[in-house]
Every structure is written in structure tokens, then in C-alpha cells.
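Shared between the two complexes below is chain A, which has chain B as its partner in the first and chain C in the second.
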Partner chain A sequence: MSARVLRWVALVVCASLFALPLVYMLSVSLHREGTGLGGSLADLAHDAHPENYGVALEKMGDFPRLLANTVVVTVLSIAGQLLTCSLAGYAFARIEFRGRDALFVAVLATMMLPEQVSAIPRFLVFRSLGMVDTFAPLVLPAVLGGAPFFIFLFRQYFLTLPAELTEAARIDGCGHLRIWWSIALPLARPMLVTVGIFTFLAAWNDFWSPLVYLFSPERSTLSLALASFNRTYDTAVEHMMAASAVVLAPCLIVYFVAQKLFLRGVQVAASKH
Partner chain B sequence: MRERRLGPLRSTCYNGAAMLPGALLACCASSWSAAPQEWRDRRLVVMVDERSFESWPGLVELEREFEARYPGLDVRLTDMGGAVGQQDKPRFMLTGDLQLDVARIDVTEFGAFLAEGALVDLEPYFARDASWDATQYLAVIDGMRDARGHLYGLTSTFSPYVMYYNRDLLRAHGLDAPRPDWTWDDLLAACRATTVDLDGDGRIDQFGISLTQWLQAVTPWIWQNGGDLLDERGERSRLAEPEAVAALTFVRGLLHEERVASFDASFDNQLSQGLFQAGRAAFYGPVGYWETYRFKYIEDFEWDVAPLPRGQRAATSLAMTAYVVPRTSREPELAYEFVRALAGERFQRLLARIGNGVPGRISAARSVDFLKPDVAPASEHVFLDVLPQARFMPPLANWRKIEDLCSSELQSILLLEQCDVAAACGRMAARTDEYLARERVRAARPRLPEGTLALALSLSMLGALGLFVARRGPRPGRIARAEERSAYAMLVPWALGFCAFFFGPALATLVVSLCEWSPLRELGDARWLGVDNYARLATDPTFQRSLAATASYAAASVPLGLLLALALALLLRDEGALATGARTLVYVPAIVSPVIVAAVWRFLLDPDRGLLNDALFRCGLPTPAWTRDPDWVVPSFVLMSLWSVGGQMLVFVAALKAADRDLEDAARIDGAGWWRRLWHVTLPQLSPVILFNAMIGLLNAFQIFAQPYIVTQGGPGDASRFLVLYLYESGFRHLDMGYASAIAWVLFALLAALGFTLWRCSARWVHQSARRAA
Partner chain C sequence: MARLEIDGISKHFGASRVLEPLSLCVENGEFLVILGPSGCGKSTLLRIVAGLIEASSGELRLDGQRIDDLAPAERDVAMVFQNYALYPHMSVRDNIGFPLRVAGVSHTETAARVAETARTLGLDALLERKPAALSGGQMQRVALGRALIRRPRLFLFDEPLSNLDAKLRDELRHEIGALHSLTQTTTLYVTHDQVEAMTLGSRIALLEGGRLHQVGRPLEVFSRPATSFVAAFLGSPPMNLLRGEVRSGAFELGGSRITGAPVESGEVVLGLRPHEVEFGSSGAAARVEGVERLGHQTLARLSIGAQHAVVCREDLESLAPGQTVHLCFAPRAAHWFDARDGRRL
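This part shows the complex of A and B:
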């Protein structure tokens, strides 16, 4: 009995410790402008300022536009990432071909390459393609190339599918592309959702690429607008935290909605190494 | 190099005699008639972000006026979008040769832009413009002149460094407001009198002074003591000389011997409410005018500004930003006109009202908009009064690099309890001298022959492809070849992206790492260096510290992360609603953007008012200064990383669910205790997942960037200048892309070696049956 109580206490303590910074963020975001870090939760009972959120949105600029831009970039990235990575993952997992291991090592090696390493040459590539100040540089690396980690995940997943499944289709004369599309992908739903969520988070939270590639305000994204709250002079902590909460909210919503499938994908990834 | 002392213009400025009626100044329309009639399809790209939301409407007004004056012209105002103190975006536009007509730069960057030929010389435009009259501006515009005296830009706002003081607090301790000619001794005496432990708990909670610590803020002390940063010609550091050493010893003494000062006022702390704002410091400084913006919230006490206290003489440093026309301007004439409008009466008065800085235009600086008689501080005029003693930082091309070389040593002088000031100054001077000597021979190096980069790239790609084709094995049968073709077809999208965005750029980085190249110049102007960059890495103490910081961060965050994730997973593995809910709460931080993580934790870890230290203090535990203490800054980032451990935890939970419960039950029936079951049954089954998490953790740990970039900018000292951050700074702040590329390749090699070693060693401890399943 006492062991159960102890466990229960440990659970609650852990969960609240992890939730605390976010509660703190919300608390600061509701205080009167200029309170800084001095405010306490108790003050909020009689002196809450939800209008901070309105001010924060206003300061971020054209909020609907920012939101739309971010959504477009995110959706295109997810679509591209899912198609390319599952294609490559399928080829690595289900087809015998010469040089497969060498290519797969190349995929894994890209994981060791920090983003900043290739930033300038990559910038020059996009400039010569005339794509600077468009969404292409944000989306193309996801559509082509794909993140090596996701290719790895798809490969692991497709490895677990029973061989008979594809062999029967092969005998019936199905090409690999067809098998990938109509057999492998539908079976990979949990993995699609998992990779989709990872891509969503990466694209939604990406700060570096929009900073480097987007110049026109009408193409700006949410995370870029959020970063401009880090300005030296007239940033009120309260507004900054309110804007952070607004940008964070869709991530939370998407996560909660897709949680079940996401966890199944993680389950598959973790159990089938 | 010559300091840009404020010249003879000043006297006329101060008399105010040269002022012309404001209305006349406002209409600075182009006075030459060569302007084309057709403006359709022409654009003017303006990036003059004042880092203030309030200035935007004023800019929009200027935009509308311009578009009305030139029908068809499209004026595009764009946002800088960067973080504190960073001006990366204009640089990217210059590198990308993108149209940028008007930009706003910091005067400390002027030298670099000038040396790289990145700015349009505005002198011919001024010469042609009858309405131009330099005497309408304070002499600070001389900071934007080159060696020939040509003017390259006009002042947006500027600010000399002054001292803020809490009038009520001084009064309460029986002290008067500082006189204009007060001295170091007066400051020390006042600080001693006002440093108090108010609640008698043994922690001092009211300080004499809240000191600022960045180079521009520390330099006045050195100047006041008769010392200097560099010699007249800008070739040798003077920081090791007795005057500089004595000045730094005095400042350090306020902190560590007299204990009347607090260091809560670092740049990264300006967002939070400082000691001074909380009414618990008598003085705050040296710092510029921009703080008045934050302090407008102060209602509890009366505050004002005074000139800095004198040492042997009076001196202060000067910060400034200016509007310039970059070399990538497509409409220099219109750009010039826009610069004139930005520096014109109306917009300058708007800037004065906002209170970012002192406007450069005399009429605006002396208007009620700036002096604000009914708003604190009462003595705005101090910012103008101290100008005769104010100087800019040396206008060297590589000033940012020198500043960074110095600031790490400077921070250790000021922050560390034990420090041999003279020796540290000696090191600072030696590093600066070495750097300056190397820079002098830079231009003499040979250019990289035309097309080398393209040739190297295509040869390497062809080579890699050839190697792949040659080594992939014997030619298989017909059916296998058909299979192979479909596999290659499926890999095409990946292969395209791999070559264009990863492999190709990485190779290009390798070539650049053998060169000297500033991103402000054309890529064709890269200078061949051979392995010099790598040789420099071997002897660069900053790089060594950066490597050490990164290694210790990884060594702490990876194992601790694994342990915590595993412990949480064991605790939360149940299916019950409570465990599921707790799992979600623990995972959620992992989906928060690094930008937000950094912002929230910066406040949580605030040494004086942060939640964490509050809690520690109440429990009677020591309260470290976290991100402001060189010994605690890496642990601070480890703590941040532990908060985001939810992803690893989920993977462990999933693996535990998939693990064979029968084995555990069997062990329990055999009488194995909890610990033995964990060690002999559960962990072996988890071993492949542990390897997986360790690998991902290692990669992430070595690539940490966003958090230190936002929270500490590498400080204090070099304590959190992690590898990717140092790489970024070398490339984009010091404009030394070759060196940054060398760091990149060292990092890549290091990661590959570590990953490979980890994988090879795993054969010993990763459970065999599990390994086979992979």
C-alpha cells in the first residue's frame, strides 16, 4: 500500500516538475505589462491581463498571414517528407541491390552534419536557382533529400513487414512502386503519423531557415515573428510569453489529436530495432 | 587606429546657431532633376528595423510618401527578424547579392562593411545635394566617415554611456545626487554606504552598483584611467599596460573586494527586471540611453542619470547605429533620398519620442521630443553634455573578432573570484596582437583560381559516383538488374536532395575551409590558405575551450538524459489513466520550440529573481548564478536539455511494453529482487533502444545551438561557446567563413568518429538476440 502511495506521489511530483516551466510561461503572460519576473500566481486571481495576448498578436504583425504561411510551409514539408522518406525507406528495406549498404551509410552520415555546416553553400545554391525569398528553400530540403532519421525509421518499419506480403504481389506482376503505394504505405500508418508529427514540429518551430531565406514581411512565418520579440529595447516579457504560448498552442493541439497513432509509431520504432 | 573623437563640428552644434527652421529641413526631396519619370516595376528595399514596434508606423508613413512622390515605385519595408544584437539578415542579403537599398547598421560593423567594399560611398550624392548641410547633425556622424573623410551613412540614434542612479535610495542614505564632476572615490564611497543586507539573512540584497560588463561598457574605465584599447595605428593592443590593468582592477575590486557591486546587468539579462529597476541598486551602469525605455515602468522611486565618474580624466564610450546604402542597392539615388528622409526632422523626432537612443539630428536632439521635461529622467541633457568626452570603439575591419577575443578574458577578470588581472590583460593583449598581425598579411594572399570551386565540386561528385559504381559489386543477372533499377528510381528524390543540399554544400564547405573568405565578398574573391585554418584551430584557446565546453555538456547531458528517461519510463510504464496523463505532461516539453525553451528557462534560471533560485534559497540551499557563472552555465544547459527528455522517455516506455513480460515474471517467481530483475532481465532487453537513444542524444548534444545563441551568446567567458555557436560566430560575426568551415569539418569528423566508436563498442553490451533482430 505504502509503495503505491509512494509511487503515486512520485508520479505527481514528476509530472508537475515538467509542467512547471509552461505554467510559469502562462503565468508571466497574464501579468500586467512591466511586472517582469516579480509576479506570482496569486496576483493573477485579482489582476489578470488576458489582453496581453491581443497586444502580442498585434505586435507580431499580420497574424492571419503569418499563420497561413506557416501552415503552407508545414503542410508541404510533411507531404514531401513522408513521400520521399517512405520511398527511400522502402527501397532500402525491401529491395536487394548493389551498393545498398554504402548508400545507407551515406544516409546515416548526413545525420552527423550540423545544419550550419552547409548553410552558406546551400544558400548560394538557392540563390542561383532564384529561390531566395520564396518558400522553396524551406520546403525543398524536406521534399528532396528528406531527413535521414525518417528514412531510417521507415526502413526499420518496412523491414518488419512479412516477406510473403510483397512476394505474392511480385508474383502477380506488381512493380515496387505499386507495392509501396498500395500495400506498404497503408500498413505504415502509425509510422506516417509519427514522422508526420516530427516533421510538423520541425517545420513549425524552424527559426533558422526562415531567418536566412525569407525577406518580405508578407512571407514571414510565426517562429520568425516570435524571434523578433527578442529585440533589445521594447520587449515586454509578458507579451513575449503570450506570443510564445500562441505559437506553441497548435503544436499541443496537433499532438493531442494524433497522440494515439503517434505513440503506436514510436512503439513500432522502439520495439523493432 | 585613430579614435573618432568628436571634432570641431561639435562646438557649432552645441551653440545651436547652425540650426535651420525645421520645416525647411523636413523637405529633403531630391534637388537634382535627373530622376526618371517611369517608376513602374521598380522597387526600393528598406531594412531599417529600429528594434522598436513603435517606429513602424513612422516608417510606413515614409513609405507612403515615397510611393506617392514616385508613382509606380514599390517601397518594401522588411523586418530584420533577428535576435539580440545580431544583424545577420543584411549580411545574408549581401552574400546573396539580393537587392537591399537602405540598411541600418551598428557603427562597430562599419569598419568591416567598409573593408569588404559592402557600402556605397554617399559623398558624391551629398556633394550634389544643395539641401545637405552636415552642421544640422551632431558630430557623431563623423563615425560614418572613411579615412578620406567620405561620409557613408547618417546617424539613426546614438548613445554615450552614462550612470543611472536611484535618487530616493541615495537620499535615504543621506547622500546627494552625483555632481557632474564626481570621481571614482565618490562612487566607491556612495556604494559602500548603500550596500546593505536589508532583511538580515546573510545575503546582501541591496547593492551600491549594478555593473555592466560588456567591452563597450568597461572601456570607459580604461580610458578614464589614461589607458586605451589599441595604439594609434590600430596595430598593437594596449590592454597589458598599467593604466588598463589598474582600471580593471578597480572595477573588479567593486565586485570581489569591496563587494558593493552586483553583476545582474549583463546584456542577456536586459529583458528581465534588473536590480536597479527593483529599487535595490543605488547605481546602474555604465550603460546607454536605451535603458530609459525599460525604466519608464518604474513608479516606486525617482531616478536620473549622471555622467560617468571621473578617473584621471573624464571619458565615455559611444554606441550608434546609422543608415547606409549597401553595395547591393539597385536604386542608389532613391536610397540616398530615403536615408535623408530617415535622418530628417520628422522621423528623428519620432525616434526621440520612442526613446531608443539620442537622435543624431541636432534639432531633434534638442527638441522637447527628446528632452521630455515631464518624463524621467530629468537630466536627458547629460547625454548631450558628455559628448565632448565620448569616443567610438576603434573602427577596425575586424573589430567584432577583437571584441570577442577580449570579452572572454574580460569576463573572467570580472566574474572569477580569483584572477591575476595583469596576467589576464597580458593574454588579452597577446591574442589581439597575434590576430592583428595575421590580418595585416591577409590581402597579400593569392586568389583562389576562377572556377576552382565548381571544378572541385563536380570532380568530387563524379569521383564519388564512380567509386560507388566501381565498388558496388559484380554485375548481377537480368532480373536482379531490373530490381536494382526500380530501387534506384525510388531513391532518386533522396539522391537529388542529398547532392544539392547535403553532400555538395558539405564539399563546398571543405574547399572553403582551405581558404580565407568573407561572406560579404563574392565567392570568387576567396583567398587560398591551404591548411592554415586547421593549424590555427590547433592553437586557438577559444576553440579548445569551446571543444571542452561541448564535450562536458555532452558527457553530462547524454548519460543523465538516458538515466532520467529510463527512470521516468520505469515509473510511468503503466496503462493507468494517471500514468498516461503524467507521461503526456513529461513529453510535452519535448515539442516546445528551442526558441521558447530558451526564453522560458532564461527567466526560470535568473539568479536573483528566478523561480529556481527562489526555491533553492527557501530550502536553505546554495543559489548558483546559473547562466552567469562560468562553472554553472554548462549545468544550466544540461538542466534545459533534461526538461526535453520526454522523447527518449517515450521510446523507453514503448520498448518496455514490447519487452517480454514473461521473462520478468519468471525471474520474480525465481525470487529475483527488483534490482536484479532490472539489471539482468529488463535492461538487456532494452539495450538496443539504449544504444539508439544514446546515439541520437550524442548527435543532439554536439549540435546544441539555439539555446546558447539566445540565452548566453557564449558567455560568461567562453564557458558556453559550444562548437556550433563558435562556428556560427566565426562565420557570420567575424566574417571568417574559412575558419568556420574548418570548425564544421572538425565537428563532422568528431561526430562521425564518436558515432562509429559507440556503435562498435555496443557489440559488447547490446543484447545479442535483440541485436540479431535489427
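This part shows the complex of A and C:
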């Protein structure tokens, strides 16, 4: 057997392993209510129930509002994250200032702090600012550059840009802010996409922060609504899986659309410095 | 046009001294070439003038005005880099027009000046292309355009032709010379290529180990090198430097006593250009180690005792390795240098 065939077999096995939970989720979502987790794929050929999706969306409540809330939080988080993390990454890569490296290490060190550790003080801060039950606690940490890993990714990417480019831009009359905007950011498209996708997934699927900060049903997000399917006595697994599939769909679409740039970004981050 | 004064500029990185205190003046409209081997500090000097790095000491003045405390953009200089430094995501048009856009020049004027610059450099047909779709020569032309369009007071070139092949290098060298004749902008040009220095420079400044050896017109530097370093660096093949002892006013070489040394006694270095040495029936004896026939001329590699020399002539057809020859030269062909510090005697 040639190496090429072996490679294909390995790829198909891996792809199947990753696809299995998705296929299982879709399969369960189409089974008759009450079938539970035991139904087989073969049953679907003569007894599929796509109406489960309509029922699931109805059970979630005001779906358009849930979707709108989640989109608002996600879009603001992505915009904030890209803006502040790329700025910080540029500064750590291209601006020389006293204590720069020590500060960078300090920023990286915060990655070791689990989010739950700072949850209570953070909640108290947001409560004292009167921001509880608003989207601010979900979005502000991203807008304030609260993702050291993304700062690290941007810094690594900006370090790969030739120093002559920034020097030429300085001579052409640019300050650092203009260099960041006109030269560094357009060249960092793969990293923007990579960080954008990571942030999208984190914000879209975030359950913890909405659970802690959002109380009003009109501010609820999709992840909170999804959790409401899980009840002790009457969990309709088929509806829960149908709702999960709907919530998951945008993640898959975003990934497949931006796949090429995402991979380039990850490769650069993994291979440089 | 402007007059640049470099006054006592030095640079050190920690304990490592890259530039010794150096003073130099580039006159209005002059094309001054800074020539030297890799690591001699020439690019560092250029970057200090551009404002990209800070000098450790000294002052820079452009038309009498201090510029060493100004940001690069405020110095009114334009720079062309060795690696072109074109913005990869911008078209040729945007690259050339970028400095004007940053300066807030109107779209109409920017467009007109980009068109004019592109016409001057023969880039009209390439304006919509991205740098990745250009050849090395075209990229350097775009870099020239980006510098030209600003109409700066001072042009800085950092080895702009080093990444090009020989043919393109010749072509662009000629173009840079023509552009300077056209604009008459004061220019500081850094290179390690003596052909570029000799053909482009109104004057040449030779730098080695962060130290300025000589400043002068190309032919003057070539014909009267101030140090043995300058003598060896300029000319191809380089000048032969033969170390020996002067006793009673005569230099002893290959069993022969050569008169004309400017000192009575002591160790000196005799410099002889390869094309100014002839073979005769008497004179310093040398053994032919190798013969390289280049078509229009022949190079003879010689050994004179433990020292080596090269002679370059058009009339050496019969020469063969192993032969013994006698070197003779006109007294004015001899350059004498102090053996200790290399200074011309």
C-alpha cells in the first residue's frame, strides 16, 4: 500500500472520529420524540422528524431575540478583541519602551489564572458599576484586551513583518498608530481571521458569563436558552439536539468559510519565535 | 536641495562601538557615496541621518537647522532600502502615493504626481500591480518612485542595488545617476560596491570599522589613497600591498633595492596597482604561481618570497606558471604606507 493511500486512510479515520458526534447529534435530533439516545440511523430512512427543529425553536422562547442578543455580544466581542489585542500585540512587537519584555511576561502570566478565580471580584466590580444584567460584562473584557493569548498571537505575527516596512512607513510620515492601521493590520489578515474565529467560538458558546451576569429573559443568549432544555424529569433529548444543531451551525459555517486564512494564522503562530 | 552636516556623530551599542566620532559634509546637490565593507557602520550612519536610530553623540544639521532631535517624518528625507520595503498589500499606485496620502495631500494632486513619477520611472503600465507581481528591478523602481514623489530635501539610499543581478544593477545604476542629474537633490548613498561608488559619486567617503578613512572625488581617492585600506578596497584586482623594510632610503623586495621610499628607514608597505606593473629584465624577482586569461587581459598571480601579488596586463600570452619574472614600475606608480597604522607616507 502506498504512503498516499495510508495517508488517506488515516485522514478518513480522523475525520470520521471528529464527525461522529455531529452525525450522532443530527441523528438524535431527527428521531421521534421519546426515542432518547438509543435510536439508529437506519430508522431515519422511514421515520425522520424534521419538525423537531420547529418545536425546539419554539421551546427556546423568543428565538429571534436570543439570536440578536448573541450576535450583538459576539460581534462586539470580536471587534473589541481584534482592536485591542492587535494594538497591544503591535506595541509589544514594534515599540521599544522600558520594561516592555517584563510587561509582556506579566501579561502572559495572567493566562495561568482561571477565569473562575476572578469571577467574584469581577462580578462585584460590574455590580458596583451598575452593569449587571447588561451586555457590558460580556463585552468589556474583550474590548479591554482581556485575552493575553491573542495579544501573544498578534505579537508573534507582527514580529514576522520585516522591520524595513515599519521604518519605511516612519520615513513616509506615519506614527505608530498609522503604521498599525495602514501597514500592520492589513498584513495581519490571517491572524485577524484566526483570532476572530477563536473569539467568535468563545463568545457564541459562552455559557458562564451570561449565566452569571444576565437575569432578564429579554437579554438571554442562545447558550442560556439551550441550557434550559436540560431538566431533571422531562428532558426531550431530540429537541435539545435539534436546538444544539441550530446553535452550532453558524460556528461550522464561519470555520469553513475562513478555513484557509485560519490555518495560515495558526501556522505562523506555531512556527515563529 | 540642502546641505547636510554630520558633526561628530558616533554610535555605540553597549560596549560595542559601531561608529567612531565622524564629521562629514554633503554639499547642496551633491551625490556623496559612503563606501565600505559589511559591518563598517555605513548603514548605521545612514539610519542615524534618517532618524531611525539615535546617535550616541554628535549633531546633524540640514541647511544649518538641527535635525537630530526630529522624528524621521519631520526631517524631510526620503530613503530607498536594500530590500525595497514596499507595502505588499498595496498596488504600485498606492505605494508611490502613500507618503502624499499620509501628508494629507489632496487626491487630485496625489494622482497627478503619481502619474508623473510613474512616467519618469517607466512604471505607467504597472500601476495596478501588487509588489509580488513585480521583478526585483521593477520593485526598486517603485521604491525610487515612493522616495521621488515627496520631493525631499535629502535622498538616502541604503545599498539599493545589492539584491539585483548584474545586468539590472548596471541599468538601475545608470537610472539613479540620471535621476540625480535631473533633480539635483542632495544624496547620501551607501554601498559596498566600488563600481557604484566610482560611477555615481561626486565624492566618496570610505569607512572601515566605524572609522572614516578618506573623503574625496572618486579619481582622487583612487589615485591617491590616504590609507592602505583605501588602496586595497578600491580597484579590481585590488592594489598589491607588499610589506618590507626600508634601509638607507631603499626598499628591499625580491632581492632588489627599490628607491623612492619617502622614509630613510623603517617598516613600510609598498602599494602597486596590478595594471601599473610590468615585467622586465631586472627588478624584484617573482615566481609565477598561476595565470588567468580573461580574454581582454591576463592576470598573473605571483609570489615574491612569502608575499603575493597580482599583475594585470594585455601582453602576457607567453607567461606560464613556474617562470621567474622581474617586476618593474614607474616611480609615480608606487604608493607608500606606514606599516603600523596604514597611513600614506
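Convention: the second predicted complex is superposed on the first by the 264 of 273 C-alpha atoms of A that agree within 3 Å, B and C clash if a C-alpha of one lies under 4 Å from a C-alpha of the other, contacts with A are read in each partner's own complex, and residues count from 1 in each chain.
Operating definition for what follows: contacts are C-beta pairs under 8 Å (C-beta built on N, C-alpha and C of every residue); 3 or more make two chains touch, one makes a residue touch a chain.
Quick caveat, the model's predicted, so the values are computed rather than measured.
Novice: Will chain C clash with chain B on chain A after the two structures are superposed, or do they fit?
Specialist: In the superposition, chain B and chain C stay clear of each other.
Novice: Please compute the chain B to chain A to chain C angle from C-alpha centroids in the superposed arrangement, rounded to the nearest 10 degrees.
Specialist: The C-alpha centres give an angle of about 140 degrees at chain A.
Novice: Under the stated touch criterion, which partner chain does A:Y53 make contact with: chain B (first), chain C (second), both, or neither?
Specialist: neither
Novice: In the superposed arrangement, which partner chain does A:F104 touch: chain B (first), chain C (second), both, or neither?
Specialist: neither
Novice: Does chain A have more residues touched by chain B or by chain C?
Specialist: Partner touching more chain A residues in the overlay: B.
Novice: Looking at A:P162, would you say it contacts chain B, chain C, both, or neither? Reply first, second, both or neither.
Specialist: The answer is second: A:P162 touches chain C but not chain B.
Novice: Contact-wise, after the overlay, does A:D172 reach chain B, chain C, both or neither (first, second, both, neither)?
Specialist: A:D172 sits against chain C, while chain B stays out of touch.
Novice: Touch check for A:F150: first (chain B), second (chain C), both, or neither?
Specialist: neither
Novice: Is A:C14 touching the first partner chain B, the second partner chain C, both, or neither of them?
Specialist: Only chain B is touched by A:C14; chain C is not.
Novice: Counting only touches as set out at the top, which of chain B and chain C does A:F135 meet: first, second, both, neither?
Specialist: Neither partner.
Novice: Between chain B and chain C, what is the tightest CA to CA spacing in Å in the combined model?
Specialist: Minimum over all C-alpha pairs of chain B and chain C: 7 Å.
Novice: For chain A, give the residues common to its interface with chain B and its interface with chain C.
Specialist: In chain A, positions 175 sit in both the chain B and chain C interfaces.
Novice: Enumerate the contact residues on chain B facing chain A in the complex.
Specialist: 45, 47, 51-54, 76-85, 88-89, 92-93, 95-98, 270-273, 277-278, 290, 293-294, 297, 354, 356, 468, 471-473, 476, 480, 483-484, 486-491, 493-494, 496-498, 500-506, 508-509, 512, 519, 523, 568, 571-572, 578-579, 581-582, 584-586, 588-589, 591-596, 599-601, 603-604, 606, 609-611, 643, 646, 650-652, 654-655, 657-658, 688-689, 692, 696, 699, 702-703, 705-706, 710, 724, 727-728, 731, 737, 741, 744-745, 747-748, 751-752, 755, 770, 773-774
Novice: Give every residue of chain A touching chain C within the complex, in rising order.
Specialist: These residues of chain A touch chain C: 162, 164-165, 167-175, 178, 182-183, 186-187.
Novice: In the complex, go through chain C and note every residue touching chain A.
Specialist: Spelled out, the residues of chain C in touch with chain A are 47, 50-52, 71-73, 77-79, 81-85, 87-89, 98-99, 102-103, 146, 150.
Novice: So in the complex, which bits of chain A are touching chain B?
Specialist: Chain A reaches chain B through residues 7-8, 10-12, 14-16, 18-22, 24-25, 28, 33-38, 59, 61, 83-85, 87-88, 90-91, 95-100, 102-103, 106-107, 109-125, 127, 132-133, 140-141, 143-146, 149, 151, 175-177, 180, 201, 204-205, 207, 210-212, 215-217, 220, 223-228, 230-235, 237, 240-241, 244, 247-248, 251-252, 255-256, 259, 263, 266-267, 269-273.
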